[in-house]
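The letters A, B, C, D and E name the chains in turn, as written, and every chain counts its residues from 1.
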Amino acid sequence: MNNIQDKTGAPPGTVVYYGEQQTKKVKITLIEYNETEFIEKDFYDLSECVTLINPNMVRWINVDGVHDAELIESIGKQFNIHPLTLEDIVNTHQRAKFEDYDNYVVSMMKMITQEEGEIHSEQLCVVLMEGTVISFQEVEGGDAFDYIRNRLRQGKGRIRKMGADYLAYALIDAVVDCYFGILEKIGDRIEELEDDLMKEPSKETLHVLHNMKREMIYIRKAVWPLRELINNMQRSETELIKPSTDIYLRDVHDHAIRVMDTVETYRDLLASMMDIYLSSVSNKMNEVMKVLTIITTIFVPVTFIAGVYGMNFEFMPELHSAWGYPITLILMGIIILILLYYFRRKKWL
Amino acid sequence: MNNIQDKTGAPPGTVVYYGEQQTKKVKITLIEYNETEFIEKDFYDLSECVTLINPNMVRWINVDGVHDAELIESIGKQFNIHPLTLEDIVNTHQRAKFEDYDNYVVSMMKMITQEEGEIHSEQLCVVLMEGTVISFQEVEGGDAFDYIRNRLRQGKGRIRKMGADYLAYALIDAVVDCYFGILEKIGDRIEELEDDLMKEPSKETLHVLHNMKREMIYIRKAVWPLRELINNMQRSETELIKPSTDIYLRDVHDHAIRVMDTVETYRDLLASMMDIYLSSVSNKMNEVMKVLTIITTIFVPVTFIAGVYGMNFEFMPELHSAWGYPITLILMGIIILILLYYFRRKKWL
Amino acid sequence: MNNIQDKTGAPPGTVVYYGEQQTKKVKITLIEYNETEFIEKDFYDLSECVTLINPNMVRWINVDGVHDAELIESIGKQFNIHPLTLEDIVNTHQRAKFEDYDNYVVSMMKMITQEEGEIHSEQLCVVLMEGTVISFQEVEGGDAFDYIRNRLRQGKGRIRKMGADYLAYALIDAVVDCYFGILEKIGDRIEELEDDLMKEPSKETLHVLHNMKREMIYIRKAVWPLRELINNMQRSETELIKPSTDIYLRDVHDHAIRVMDTVETYRDLLASMMDIYLSSVSNKMNEVMKVLTIITTIFVPVTFIAGVYGMNFEFMPELHSAWGYPITLILMGIIILILLYYFRRKKWL
Amino acid sequence: MNNIQDKTGAPPGTVVYYGEQQTKKVKITLIEYNETEFIEKDFYDLSECVTLINPNMVRWINVDGVHDAELIESIGKQFNIHPLTLEDIVNTHQRAKFEDYDNYVVSMMKMITQEEGEIHSEQLCVVLMEGTVISFQEVEGGDAFDYIRNRLRQGKGRIRKMGADYLAYALIDAVVDCYFGILEKIGDRIEELEDDLMKEPSKETLHVLHNMKREMIYIRKAVWPLRELINNMQRSETELIKPSTDIYLRDVHDHAIRVMDTVETYRDLLASMMDIYLSSVSNKMNEVMKVLTIITTIFVPVTFIAGVYGMNFEFMPELHSAWGYPITLILMGIIILILLYYFRRKKWL
Amino acid sequence: MNNIQDKTGAPPGTVVYYGEQQTKKVKITLIEYNETEFIEKDFYDLSECVTLINPNMVRWINVDGVHDAELIESIGKQFNIHPLTLEDIVNTHQRAKFEDYDNYVVSMMKMITQEEGEIHSEQLCVVLMEGTVISFQEVEGGDAFDYIRNRLRQGKGRIRKMGADYLAYALIDAVVDCYFGILEKIGDRIEELEDDLMKEPSKETLHVLHNMKREMIYIRKAVWPLRELINNMQRSETELIKPSTDIYLRDVHDHAIRVMDTVETYRDLLASMMDIYLSSVSNKMNEVMKVLTIITTIFVPVTFIAGVYGMNFEFMPELHSAWGYPITLILMGIIILILLYYFRRKKWL
């Protein structure tokens, strides 16, 4: 929840990992392909991986973990990546952004995935250079790319025929599509919450409402720069992204705007629901007050009458009359009926 | 209400239908016309339809249903439509947009129609290419185009003299005009609601208010990109839209802005009405409280006096005085009158 | 109040009148002038009017009513006005706009006038063409132009020396100036309402507040596009507006912005006043509650004591003591005094 | 407070004074200077003043009053000022603006000064022409320019070495600086109000809050266009403002933005304080309710018990038991203790 | 907290110190370096410092205090700094800004540092000229630059190899990084506050909430222009900033935007928390009211019955029946049970 790092004082371009401490060895996955061939292999060592690189193929190097600063630095040296980019890769509290360097372009964003109902967020960096895509994920496993891997393995669709820029696009598209899934879940919860509000708003409803508002604030914070990222990517003058990929970027841009629209819509809905909640609480209090008022108003006058005839004065003529008691009871009954009629007319009953 | 699709993982450009499952056969309607001739025919098969195409006429192919992915793909092949467009056509949760391809331009929007008082929303895609307009509707029947069809049949007005771009414009104009009808209905309901608020705001009023706010949120979400669509259409450099049609696009752009204005006005009104509702609830509680306070304040002191003379002390001189009882009653009456006067002065009565 | 027309299905460019039905014959007023001559005449027939047109003079043709579609169409034909413009003229629910055609420019706006304290709103279209201004008003009488007519008749000021573009400017300026009058009235009412709020906010205050908010919403909706209209007019490349008139357009633009500023200021004030109202209601309830609490808290304990000595136990030694009664009364008095002191310290009294 | 003039119907360019009626004779002050010489003289007649003008000096003509339309018109003729500018000068409800004419530029703004704690607002027009600055103030005395006059008289600083454009800048800078003083005062009052809110929010606090909100709304309305004025001045292509003055304009632009920032900050603070007030009122009511509830809850049950033993049934065995009375009293005490413990646990005590 | 200075009347370009009065002597620190050499020395006299300046090295002159106007003016003369810049340096209530002069560029901003948990804010001016950076701090000690000094001393990283523009960048980057630390602290406090709100919202929570809102308002006011500063720096056409430094400016621009995002997120969260607080207060009152209503409703009717049989009428047959008392008690018990059941069904118990 806390997206701010305590980086005060670190020199610009220093590769220091700021996330939670991790000790797992970093896995590097190399996928190389062209229209006819396909190679996929896992490594735990960069030098081994590099030897396998084939200039006639497009390659996707996926790095599952950014806590090994040394490894990231050696990748940086191998592929000629600027220290500032490396700093951004290991610093997992980045804002989504697209940056244009001489020999590569880099896109950073939050990737949100769902595993067994639990939402899991990690940072993804996609470095696109000539014929090569390097993706850096914060932790191993649980990414949004299984579908892309399968398509690459099976050689279906156009992905094996296209270059590295299409691959980079496909990765970003997969990330944006993940947001739709999350939002759909949230949409369902909003509808449930609306039903709750209509029926029986409770203190828990309020907390759920606040939590959802907070979630929307954080999702919005993640999504807003995403659109800018794709925008900058579209307008970038880099030659790494070919004109034929432009049409796909336009499509993913469109999806990002759609995500934004939905986020804004949900924010509006939640704001309206907060109003409903507040009104409901007031309405409820109104009802409690009415019950109190009716009961008090009916019994206080007749209790007063009873009090009067409970006084111990010696000279109270009514007390000695045979009709005193029944007439008093009837009088009390009439008062109660008048008040009930008054409340019914006021529509409090 | 839930405008998000669960598309996670689908490859870009895959033609998969995401709407509710439909089994009805898709009807294709071909209308061909020029200034002198007019042909209209229904098909359930694309190849039949294609054979009838006459190069000297403007043609409008209306496809009533997008759930038959195979048919859509064959139309795509026949008319050389990009797979991404086909994907958008069958995915019925699109944001309104205008896209410019080499050989065609495509406009997507939500079409809202009213049939017997029920609002019905479906997606409409209008593909404009040289001499041809292809429109894709989500379901058969209940569209906004009967008026256009009649004008084409009767050859009235300028529509038969104009090209395919005018036809595309006319379709979009019809869709925008439909929004006016819906908004007018909502306007009437807002006025009714205002009257209710003035008179007798109830819990139901609150729910109606929230529902209308929600409706406005969704309509706004649908209309906002519509304006952009027309804007992009106007600024598009395509040669498919002739300069003579520009003036009509300006007109429909104007209508779209007017729809937007009305939506924003209604949002402001509804927000103000929410405030009124909250104040009314508070006012009502105030009144309940006043009744309670008046009754309690009047009877509690006199009941106390009755209590005092109900005590059983042996030596209470007042009890033995012949005037004790009437004086006590008069005292009570005076107290009650003073309190009533106090409440009248405070304007609580 | 309902600015939406039910136009669904009408073809673009169809001249159908959408306002309330009117049967009065449409009056056409022709004013022709140059620096030395001045002619003013009323007609109920277009052809008569046309014969009088003098090419060496500037002419202003004012049409008082747009419900006679046939007349409008014949004017259109006579002066070569595009059907879309004619459609806008008869459709009295237009958004203020400026449009640039080949041979003329057209400005449409809402004209608000005050007659005997009643606000009256109608649509005004000003068509400016070479040497000619044609103005279309919704109804006869009650316009904002008497001042201009007088200046034309008397030949005072620069108006008789200037061309048709200056006349068009003068008409728009008069319309904008009318808004100031309305806003001033509203400003006075806001100040009154503020006083009411400070003194004695009632349920009526709330409704007045809501009505004023609604009025501001509608005025804002009318004024916002007005600024745009003048803006577009200034930036228009038409040769009908001469550079010498630019300085006057800048002035009216300035006035329009000033109207906008005032509208926004009033909206802010009204929002703040709504907060005041809500707080006042809460404050009032607080006071009611305090009265209730004070009375209850003072009498409930002493009534309890009276109740205790009203019990009928045989063995209650206090009852037989000669001092029982006065001591009890004193005790009650002390309790009441302590409570009063407590409330005074809490500043409830 | 009411910034709208009733100008309906006045012809554009008519010099009619709209402020409160004033009868004082208008004072004209002429200051002429160059690096070595300095002349300062008061006139009540324009022609006298004009004869004294020295072409080799920079001159500042300050007009203390704009209610003498004839005088303004004669100044207009003398210095060749456009009628529209003259109209703006005498109309004291102008929005701050900068306008560029052929032979001069004019800046209009509200000047706010403080005299003996009272805020005083008047309109200032600064007309800058070749070698001449003419300033029009609404009333005599109480302007922000004493400092500038002293510097001119004493020949200190760079002002006597610079041209008329620097003088115009210095006047505007003095006006902007005045806003800082006002805002500082308001800042102090906001802090006081915050303390009040924390301690003892009363109905008066609410009204002070609303009044400050209203003040901020009006100051904002005055300041917002000021920034634009300076902006337009900077971007103006006039040759009257020399490049060497640009750096000073940048500085005053900066000050204007700082004023704006402060205004927005105060608005945010006041909005937050309104929320605090509303919560405080609710909190207070909560406390009142708690007192009421505690007292009622404690005494109602024991009063009921007293009522039971106050019944006059013949066969009530407890009444005849010697222990009846003390046991009843102990029972009542226990009930009271239990309730007190319950309220303490609920943290109501 | 009060960022407004009382500068009314001061001439532009006057070097007058407006902060709190300070008497400490101003320390000047000179750091000179190139790739191989490093010199660091403290002075209390400008002339001594100047003699040591070495044209082949980059130098950083840090001035710890701006209250000695004479010193600032002599620095201004020595390094040819414009009087307006000097005025801004000594006026410690500046808005963050970047300005471009002929021979230097200057950046002004608020530097926020934390020392032993206390936040400390002072103004920092960074003047960048050929080969020289002059930084002006408001007070001695407690700056954000220790890290930079250490890197310079140790010659680590690229800083010793780069020019004066990189040094200026490094200083600004250090200032921006400080904001992250502050925001992180605030983020922690917001989370604590959220927990408090969920559990036990008290009057203190409200004040903490308001204070945090106020803090965010002030931080926002400080941060917003910071982004603009860096923006202007990036787009500046000065030759003092070399293209190789651009990439670092882009990075710090990114950080500034991230700070902004976090500030906005916190503002949204705090707004949502205010709503929660208000609802909680209402909820609490609801509960208090329920307790009151339940107790009153249960005991008032049975107390009435007791009152009836406490009346002293001679002829009340029930009083003489042996079963009168137990039946009455049972009746009271039944009434209480019915009411308890009613409240349980209403979910008030």
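By our rule, a residue touches a chain if its C-beta (ideal position, glycine included) is under 8 Å from a C-beta of that chain, and two chains touch if they have at least 3 such contacts.
Being a predicted model, the structure only gives us computed values, none of them experimental.
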Check: Which neighbours do chain B and chain E have in common?
Finding: A
Notebook entry, point to check: Can you list every chain in contact with both chain C and chain E?
Noted result: D
Check: Once the Cα atoms of chain A and chain E are superposed, what angle does the rotation have, between 0 and 180 degrees and to the nearest 5?
Finding: 70
Note to self: Need the CA-centroid distance for the pair chain C / chain D, whole Å please.
What the structure shows: 26
Next item on the list: Please report how many Å separate the Cα centroid of chain B from that of chain D, as a whole number.
Entry: 42
Notebook entry, point to check: Which residues belonging to chain C are in contact with no fewer than two other chains?
Noted result: 278, 282, 285, 289, 292, 296, 300, 303, 307, 310-312, 316
Notebook entry, point to check: Okay, in this complex, where on chain C does chain D touch?
Noted result: 144, 146-147, 151, 156-159, 169-170, 173-174, 177-178, 180-181, 183-184, 187-188, 191, 194, 198, 247-248, 250-252, 254, 257-258, 261-262, 265, 268-269, 272-273, 275-276, 278-280, 282-283, 285-286, 289-290, 292-293, 296-297, 300-301, 303-304, 307-308, 310-316, 347-348
Check: Touching chain B in the complex: which residues of chain C?
Finding: 1-14, 82, 84, 95, 97, 99, 200, 203, 206-207, 210, 213-214, 217-218, 221, 225, 274, 277-278, 281-282, 284-285, 288-289, 291-292, 295-296, 299-300, 302-303, 306-307, 309-312, 316, 318-322, 324-325, 328-329, 332
